[in-house]
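Labels run A, B, C, D and E following the written order; every chain starts at residue 1.
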Amino acid sequence: MSALLVLAITAPLLGLVPLLLLGPRTGERAALGMLAVNVAITAGIAERVAQGGRALGYVVGGFAPPLGVGLRADGFSAAMMLMAALVLLFTGLFAMTGPGDMTRKVKARGSAGMPATFFILLLSLACALNLAFLAQDLFTLYVALELLTFAAVPLVCLEGKAGQLSAALTYLLFALFGSVLYLLGVVLIYGLYGTLDIAHLAGLMAQGTGGATAGAALALMSAGLMAKAALFPLHLWLPPAHSGAPPAASAVLSAVVIKAPLFLLVRLWSDLAPLPLTQVAGPVFALCGAAAIVFCGVVALAQERLKLLIAYSTAAQIGYLCLMFPLAASDDGPWSALAWTGGTLHLVSHALSKAAMFLAAGLIAETMGHDRLSGLGGVGRVAPVSVAAFGLGGLSLMGLPPSGGFVAKVMLLTSALQQGAWWIATVVLVGGLLAGGYVLRVVVIALQHPDSDAASGRGLPDARECRWRALIALALAFGAMLVGFMPLAPLPFLDIGRPVTWEGLLP
Amino acid sequence: MTGALLFGLAGAALVGCGVYGLLTAPGALGRVLGFNILGGGVFLMFGVVARRGAGAGFGADPVPQALVITGIVVAFCATALAVALLVRLCAVQAEAARGGDGDKET
Amino acid sequence: MSLIADAFTLVFVAAGIAFFAAGTLGLVRLPQTLSRIHALTKADNVGLALIVLGLLPQAANVLEGAKMVAVWLLAQLASGAVAQVMAEAVMAETKATKDAAPPEEGHP
Amino acid sequence: MSLVFDAVLCLVLLAGALGVVTTGAARPAVIAFIGYGLLLGLAWVRLAAVDVALTEIAIGSGISGVVLLRCVRALPAEPLTPAPNRMLKPLAAVVSITIAAALAAVVLALPEPAPSRAADVAAALPATDLGNPVTGVLLVFRALDTLLEKVVLLLSLVGVWALSRDPACRGRPAPLSPEPAPAPSAFLARVLAPIGVLVGLYLLWAGADHPGGAFQSGAVLAAMGLLLVMGDQIRTPAAESRGLRLLLLAGPFGFLAVGFAGWATAGVFLGYPPGAEKAVIIAVEVAITVSIAVTLGLIVLGPPAGEERP
Amino acid sequence: MTGDTLSPPLDLSALEPALPVLSEALMVVAIALPLVLAFAALVPAVRRALPHLLVFVPLPALIAALAVPRGLSVLVAPDPFRFTLALDAPGALLLGGSSLLWMTAGAYAMAYLRKDPARPAFMVWWLLTMAGSFAVFLVADVASFYLAYALVSFSAYGLAAHDDTLEARRAGSLYLALTVLGEALLIAAFVMLASGTADANPQIRDAVALLPTSPWKTPVLVLVLLGFTLKMGLFPLHVWMPLAHSVAPVPGSAVLSGVVVKAGVIGLLRFLPESVPLPGWGAVLCGAGLFTAYYGVAVGLTQRHPKRALAYSTVSQMGVVAAVIGAGILNGTAGTFTIAAYYAANHMLLKGAMFLAVGVAMASAPRRAWAVAGVAGLLGLSLAGLPLTGGAMAKYAIKLIVPEGVAGTLLTLSAAGSTLLMARYALLVARSGTEGAPPRGLILPALALAGLALVLPFLLFEAVTGLPAGVAFTPAALMKGLWPVAVGLAVAALLAWKAPRVPEVPAGDILHTLGFLGATGRTIMGGAVAADAVLRRWPVAALALLGVAALVAATLTFAVVPL
């Protein structure tokens, strides 16, 4: 029984009290403090898992599953939690400062960054994400997903513009459609097995008594999760929502929020569903993933707005994780383990790099006053650090060394080639080409000379990027690069605590 | 047991109705209603599962019933949030429409 | 004893149902909102009263009977007040539509 | 006999649902939805789930209905929506019928005997001193879900408030109607509100052993609050008021505090002190009920209008 | 022939005990110094001092090339983060040559860009490209090679697109696009190569040793050849080169043509097995190289700008290198790679000096330009193999690899073509004078490089081929070297006397027939955007959601019976 697991869920909530009761200044500081505590807690969990070599467990209220609900941290969830906590902390720091100290237009120096509501939502996200990574009960996970959605949707429309509101509405409605399908799957599971605890269910399902109903339940839950993760062809809400939101919000939305449903999709098929089922269903997800990579990549190439481009890139990059399914489920020893590690590393490095890119894009848009690519010529002069952060983040998307994206890509490629999955290997390579296209397109524009841009008819604005916030973006991008120094081998840490069981974790 | 089965079929039909509403509704409000109908059907299936699990002196398995209560509240929250978004969106759009001929004042 | 009670219940509940049916018919068939409200509240109040009255002998104890009466009272209160509010709203609306006679002024 | 009743109920329920999704106009659809909610409550009674029935009627139909009706009023008369594809409706019908049929088949195929946790609950319930197993599940066995659901509720209020024109969420929500309340409303509020509060408190008290509980009670209390607002008996509260915020936080964070206290007394998070389970549970329920009532009421009232200028 | 045993000219054996440490440090510093300086340029003080330092930055690389024992392989980072460096004979030749070019061109660049406000940015790209180029000649493990290769390729964009004209932007974008394509081809090849070994990131040598028996042999060879010949500019993958090399500032062009393309050469040398005959592959490579050698000359002759003529000459010369490598692996001739590297290093210095000469001429009054053209012409003839110049030694060396016969004859004849193109180049240089006198900062580095280019091949000949330098001075050898040059000069004179009017082939030649590709791309993008708009409509997406659920459910139900 590890108390850290409970703290991971409750500590972010405690940060809400000062935000709602005390003034915004005190509240924001407390919120940042709590986000830092959250990093410490998740790091502690990761450390314990790595040290002990086994999962951590906690039974809430003292009633063991299947009657009660339990929390459980294995290597995979610990890694995801730490990543999410870091991104949230950096985004929180970014959001602390507003554009006040960078343009002369704004009178009040150091005027507030995001409103207090933003920090409420950020803390709620932290709670929801930790819960999604820790909970072992399908219904608790449903609550976690809803918490996540309700924290994410208002983030999209904090500024109250019409476009943002309509994007948020579409996001909410589609996410609700997804969650109700998920819930439908949950009820079928309960009707079949009388429990919602993943460890118990894994045992029951392996006996193979579920028939078509179990398959239908898994399918419904997966579809719901895919809707929340905006996996192609269910990405309708993602581009407007992620591109319209304020930069700090876009960063967390793209970097971590969509990762939770993806994580659960993996959990569902790697921990809950028996291997033969995963082997059958894996290609379907991989197909969706491949379509996402290629299709959304091409659409990203055609975008004229920087933030839309990044949003479509997110829609494309989600696909890489899904390519992992058939490879990781192949029961092919080291090669499936390599795919598993590659997919996870991709998730982590994409989170860091995408957060960096959205923050950088926000700063670029803030400096230039718009984010139309055609008018961004020479922005490298006024926002060099932001452009560098964008470029370094893009390195990971393109899969160039040294970056997490490179390591992940090599692992997926190796696994795909070893298992003879040529089409997956091709998709990985084509995805890299497309990412190279849209990232370099931006970088090339940013490096141009501003004065030679006769088309726009005006030079660069008299503004400079906010160096402090740009450095935050740069730090995230460097984080994505650091992931690239992982050895090119399956990471044993990720296999800690699998297959799921409560054995030895309960008192 | 047959009664429970009947409501189970009704739940399935409600899910169908909800899906139809979600697919065909032209506006957001219709989709919210469709979502609620769909949710009602899913909850009803929880109720059926609970009723089928009657035993140990209870008329129904209390666990799914408790889940439904939580679910209803969450669905309400979703409805409220969606409606608030929709209302604000309409207000902003109406303002923008009015702003089209009242630009000089602002 | 119980036979008399059952007969009492049967008669009164049947009568209550008849009132409800009439009220519902009124709601469906009557042409104007005001008269619909009228039919509905009047008929339903009486119908509910009859049904509650009819069920009283079936109550297990006094408390349960009191609860049933309370339900009737609350329904009375609510339907009476709501009917008035609705009626006022209808009047106001009719007045407003008469005032705004040239409808061209409205937004397209 | 009861099967016939159930069958009729199901048919009416379905008709109501079909009415909701096929009615083109917004207001009739919402009214049909409220009726559908009431019928659904009846279905819950038939499924031996009185707790759920109360919740469904109070929240799923009642408060949701108010929220939806307010929305209808705020919408433009004729929303500008592009004409849907003519193929859409038949296609959607086919898809929906297929899904319903598939689900029906799944329901028919559910295993027999049905798996159930009823025995577990029955075995563990006496230790909690509660009579209502649903309350037991909600507040003891799956207390984490319930705690987080309170956070969800709070968060949806935050979400609604985030739509305020004032980024700092100050001021009072607009009253439900711009005109002064008609006399009958005021009368109703004055007479009904005390009775309603009493009913709410009864539901809360009864919830430990009989159907009822925090949510049902909170919904009734919220309704009474709204009634008072509609009758011009009280003003809408100011969002920045410290007291209001405290009421909002009392439920979730009182629950959380009890959870932490359980660590000290029972040795586990969200455990209850041995011997005093019922008292603590009722205390938690009271705190939750207050917060639920306030939160539900504020959600219906909508975002605050911004800082007041004296 | 000597191959790997080629011993370093500087003998450090007196320092025997410290030698491994010293060598390791030298190799690391060679790469790290420019890299660190590039990042340190963020500090204004460093940025101001940088122009004076630029000449000395390649010094560690030069010393490493001269002093580090051949074949030494050091592990710089511990095992999971493997980063290994090694220096073999081809690597040392290219490293030494490139360090000389970087030094002289660096000095030249600082004078050339004296008034350019964007000079700091150019210096950063310069340092990054330099670090990448040194790394690519030094690293020994697959992943690090990919990293170094990416670094040199992408950084070179900054050099090519520095002037930011419309032409430079187009050329730069094309360069980047093809570079990304090349990276994709290579990563696939490397992954297949590495997966044959037990190690995720093996030594290149170990991985290549397993290649002939690998099940992936064919795809790896196809991808390696495509990826690296793309960088070398073999027909038809040369289209970017005349564009990119001619739009860069003169010192940028010099290192692009001199050093950056050699990343492709070292790639082929590293990733093709030397001692195992690969007949079919060798023939294809040799054929493509020979064709490119002539093609480059033919198109280059029509050019009106000396830099573009030089760029086409690079295409042609890389064709020669490819032909040599192809001929070598055809038979598995030992020593091929060292000689190919020797020839490439010779080209590196000559081509660098010739580019620098163009810049000098453009800053000169017409009369001085004729003088510059004289030197340039001499360099050009050396490239073509005029006896008694350094180039003749290189030409002699490659004849040792390419057997007499069709290939040998064609190779010899290509020297005539080179002569012709070089004559054209000299003429263009002579005409490119404007006014004024070139600053000394341009002349001295250019002259220094020219001198080195003409002399160094003599000094290295014996070490590379194992033959005494005298063999190249026998009358037969001299005759053999002279006649193609003479033929070329004769034809040049003929053309100068009565030149047919040939329109200038636009740089990038066959690229312009590929316009339909762009149109297709735009159509695809437009189609995708339109499809996306449809997919993102609510009813469609909602149906898709149900469809996905149904698809998964159906797959599970019908594919797995025994669930």
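What we mean here is this: contacts are C-beta pairs under 8 Å (C-beta built on N, C-alpha and C of every residue); 3 or more make two chains touch, one makes a residue touch a chain.
Every value quoted in this text rests on a predicted model; they were computed, and no experiment measured them.
Peer 1: Could you name the chain whose CA centroid falls nearest to the centroid of all protein CA atoms?
Peer 2: If we average C-alpha coordinates per chain, A lands closest to the whole-structure average.
Peer 1: Tell me which has more C-beta contacts between its two chains, B-D or D-E.
Peer 2: If we tally the contacting C-beta pairs, B-D comes out ahead.
Peer 1: Sort the other chains by how far their Cα centres are from that of subunit A and give me the top one.
Peer 2: Centroid comparison gives C as the farthest chain from subunit A.
Peer 1: Measuring centre to centre, with centres taken as mean CA positions, what chain is farthest from subunit B?
Peer 2: If we average the C-alpha coordinates per chain, E ends up farthest from subunit B.
Peer 1: Could you grab the centroid distance between subunit A and subunit B? Build each centroid from C-alpha atoms only and quote it in angstrom.
Peer 2: 27
Peer 1: Measure off the straight-line distance from the CA centroid of subunit C to the CA centroid of subunit E, and report it in whole Å.
Peer 2: Inter-chain centre distance comes to 92 Å.
Peer 1: Using mean CA coordinates as chain centres, what's the gap between subunit A and subunit C in Å?
Peer 2: For subunit A versus subunit C, the centre distance works out to 55 Å.
Peer 1: Any chance you could list the residues of subunit E touching two or more other chains?
Peer 2: Touching at least two other chains: 538-539, 542-543, 546.
Peer 1: Could you list the positions in subunit A whose residues touch two or more of the other chains?
Peer 2: In subunit A, residues 67, 139, 143, 146, 150, 153-154, 157, 160, 165, 173, 177, 184, 188, 190-191, 194, 211-212, 216 touch at least two other chains, as defined above.
Peer 1: Going by the contact rule already set, what residues in subunit D reach two or more other chains?
Peer 2: 84, 88, 91-92, 95, 99, 103, 106, 110, 114-117, 121, 141-142, 145, 149, 152, 155-156, 159, 163
Peer 1: What pairs of chains are touching here?
Peer 2: Listed by label, chains in contact pair as A-B, A-D, A-E, B-D, B-E, C-D, D-E.
Peer 1: Can you list the subunit B residues touching subunit A in their complex?
Peer 2: 15, 18, 22, 28, 31-32, 35, 38-39, 42, 45-46, 48-49, 52-53, 61, 63-64, 67, 70-71, 74, 77-78, 81-82, 85-86, 88-89, 92-93, 96
Peer 1: In their shared complex, at which residues does subunit E touch subunit D?
Peer 2: Its residues touching subunit D are 539, 543, 546.
Peer 1: Could you list, by residue number, the parts of subunit A that touch subunit E in their complex?
Peer 2: 170, 173-174, 177-178, 181, 208, 210-212, 214-216, 218-220, 222-223, 226-227, 233-236, 239, 276-277, 280-281, 284, 288, 295-296, 298-299, 301-302, 398-402, 409-410, 413-414, 417-418, 425, 429-430, 432-433, 436-437, 440, 444, 447-449, 452, 485-489
Peer 1: Give every residue of subunit A touching subunit B within the complex, in rising order.
Peer 2: Touching subunit B: residues 67, 139, 142-143, 146, 149-150, 153-154, 157, 160-162, 165-166, 168-169, 172-173, 176-177, 180, 183-184, 187-188, 190-191, 194 of subunit A.
Peer 1: Can you list the residues on subunit B that touch subunit D in the complex?
Peer 2: 2-21, 23-27, 29-30, 32-34, 36-37, 40-41, 43-45, 47-63, 65-70, 72-81, 83-88, 90-91, 94
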